[in-house]
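Submitted below is the structure of interest, expressed as structure tokens.
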């Protein structure tokens, strides 16, 4: 099942929205692309699962636990979402 | 009247309590205020007579009826032999017969010998006879401790009497009440027990107007906002002293004089608790089964949601009251105990 | 025509309900006269000669000696010549015979007190239908109530409410004030003097909250920060009070162990593969379930210290330490955590955290955790020795799941592990119990599929 | 105890007294002997049959609580009450049915009271031991032994102080004679010259304890006299002897206002109360006293004088039985006091008090 890949802008917006649902006052504009999202926004495992859930719902992409490694930073997440998925 | 007493009351020299009420405020003692009340009652109604041990020739064991024998004669100021049950019962019978007797029991301690007459006859006859009989009688008793009289002469049984349906019980603590309550008690068609704390007789104070005072309500003697301190009779002075000391520490205590012990004036009590949200009750009786226990229970029942701390009770230690001064003082509720109790409630 | 008069067990005193015929002094066929002694009855206090009130001939003896019968029971019948003699017990008094039947078709005059009549009217009970269990068929209050509420215990014994879990002590006025000022009691600190919440503390919490609500409708960012700071201060004051009291009153002892998480983590991975994202499980769910089951089996750690003694809790309400955005901590309870499946526990956890962070926790969740778990591993800390929340007697801590060198069967390998710690109140338990508890959790974590 | 029934008079020297203002005595003079005897018999018969009926009603649980019977002592109640004036006062004990009926309180009022009904003379609140009738100045039964004595003293004292020419009669038993209250009251009555008639019904038993084991000196009249009160012992089984002694005592009281004491030597044929198995008396003693049954004594005296025959007696009994039957039916049909009135009369309201006559 291939999903049509996202443009980089759409991917970035999706990540921002998913993150803001978990951390309402998250300031993404000034967030460097290569910083660890979990540490930057103090996301514990429950927050992380909710973030992933939001991303999956927003993009329709299936994200497994093995994919978590490729969502560590903003940069990684956008790359992951804009690559054609399985 | 076989031996006609001089019907016109001649003002005797002692004290300023004349038959007619003093128009302007004067200073007098609790004893003289009570004597003036007795004189006014005797002069005003031929059915009134005083009976009790040493009320005539001796002038009253606490000097309250001094001079009344000379003024009203032996028929109406009647010395009784040491037969409490008989002369108290006779007072009840005479009330049934249309008199308005005032029976003086020397102290509450000896009243136990007449308790059957007071409980099973005076308090019960009206109800048990289906409303046919009426006992318009006044019984006066001295009460309380603090004068090193040891256990058998230092009891405080106001709470016992205040639990008997069919009686009214009052405790005059001020000069005005000592002067004004007797008239209301005599006017009441029911048996009224008046408790006079032994330590009050020598106290002096202002007699405002000498007019009758009601026997139905409690009175706020010192308004306040932080805590309600309830007291009666001999304990009122300690409550007021404690309030002064607390004022120095920035605590504003309201002092309420219960005045009537049966029926209790719940309205005034609860209104005070609703204002201050804290309550301390002082009672010289033993804590268990005391009047303070009844007041505390009623506050918990009627003003529970206004309580910011448990109701405190300051009572006598549960020991026979000892003779030695330092022991008696330790046993009885003191001003310091009241202050400590108040502090606990506002902690 | 001879009429039959009943000779009944007489009432021989104020407190006599029943009697035993010791001896009959007459037999059927004997002539008896009014006032004759016809029997001797034992009233549990004394043997009493009993007279009969009618003249006639003894017809039949109905009760043999030795049997205890209630007052009013018909003992014998006496044939009375001619019309019922004036002295015969008029049927109007039939009400006194015990047989309800006689009472029903007598003059319909029911024997019961006005108080019972009033109860019956109030409860809508028709007295005729009531069987009187009192003396002589008299209807007692219990009889009416029993009819009005069948099944309920006849005595009005109020159901004893289940023992409330450990409650924070709040004065009645403080509770009322909290309702009036819409203050969440959880946010109110306890008085440092007696550990209870008084009006003063509620007012402080109200002021803290009030400064927030009274802010301008479109609060400038700064204003909102100040409001938050205000609420923060009140929160901090509450935590400070609680922690200070805990350290002051509770003699803590601390234990720790390292738990091999490999079985648990691989089980989680397999399960999550089949689950949708929304239902996905996190290690915390397993940790909580293991702790809850262990608490059930080691009850000494599950309850509260009250009035100088340990009060075990019948239920396991697991408190979960949740850090709030921008500082502050609450530890609301998941009720009956031991009874929830791992999945339900996961859902409960997510819901609780979400509501904690939006301030919509229920009073009960706040007031009755029986054992609290803190999971600071989330923040990358290896191990945590926490401070117990009074009046609880223990706190379980889970650190970060970390790969560590691990010896298995003499060979060195790398295993995911977690540092499991216990802070416990030495007044309630000793190290021995604490160690057994941690060992049990470790054991449970090795079989995740059974959690 | 010397059980001779002669009257031993040991009177105290009466202190000289100023004459008292007295209104002429009305009533109290002996009606024609024959009609009067018939009335005495009728009164005693009413008490006897009323109480026999009470035994049945108590056994049938229509009457509850405590009930103390007067059977055997009827002559005392009838003899004394026949002598009292309407405005004299009566204070009784818990063994009071005879006094109440002889005083004129209706059978229905007394029966309804024992049935606990509102038409009872105390609205069902007193029962057998607490019968009251303010109109007839019947100040109740008192269940505390000796409890009525101080009351009676007070009533007499009020008459003395308000100079009303009337007497208070106080009934009590040999049991009460041993109470401290008796000593206190008889002393005060003498000291304060209260117009009080002390009627001691000495039925030889204080509940289950015979006289000789409760009193060091069993001559109660002699002991009463030691208080300076004129005292006589009287044959309590002879109603005319009782009436004679009572009239003399009342005349003396009206004359000098001082109290008098009468010891009525009498006997109760039934147990102390319904619950008493009566084990403490031997049957022979009861039989001996039954031979001097007050009803049969008067019955015999009237027949000897040709004043009574079987028909006359039967007519009396039939009328009394009808009066009793009507009283029982009325009481059994009477309503109860509404529970809502429970707290009424605990205290008197001022306007209730105004309506009361002293």
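The first chain written gets the first letter, and so on, giving A, B, C and D; residue counts start at 1 in each chain.
The criterion applied here is as follows: contacts are C-beta pairs under 8 Å (C-beta built on N, C-alpha and C of every residue); 3 or more make two chains touch, one makes a residue touch a chain.
Quick caveat: nothing in here was measured; it's all calculated off a predicted structure.
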{"item": "Centroid comparison with subunit B (C-alpha atoms), farthest chain", "value": "A"}
{"item": "Dominant interface by contact count, named by its two chains", "value": "B-D"}
{"item": "Whole-Å separation of chain centres (CA-atom averages), subunit B against subunit D", "value": "40"}
{"item": "Intercentroid distance (Cα basis), subunit C paired with subunit A, Å", "value": "49"}
{"item": "Separation of subunit A from subunit B, taking each centre as the mean of its C-alpha atoms, in whole Å", "value": "84"}
{"item": "Pairs of chains satisfying the touch condition", "value": "A-C, B-C, B-D, C-D"}
{"item": "In the complex with subunit A, residue positions of subunit C that touch it", "value": "269, 272-273, 277-278, 280, 282-284, 323, 325, 349-350, 353, 375, 378-380"}
{"item": "Residues of subunit A that touch subunit C when the two form their complex", "value": "23, 25, 39, 42, 44-46, 49-50, 52-53, 56-57, 63-65"}
{"item": "Partner subunit D, residues of subunit B touching it in the complex", "value": "1-2, 47, 49, 75, 78, 80-81, 83, 85-99, 101, 116-117, 120-121, 125-134, 136, 165-166, 168, 187-190"}
{"item": "Subunit C-facing residues of subunit D, complex", "value": "52, 55-62, 64-66, 273-275, 277, 279, 321, 325, 329, 332, 336-339"}
{"item": "Touching residues (chain side subunit B, partner subunit C) in the complex", "value": "277, 304-309, 347"}
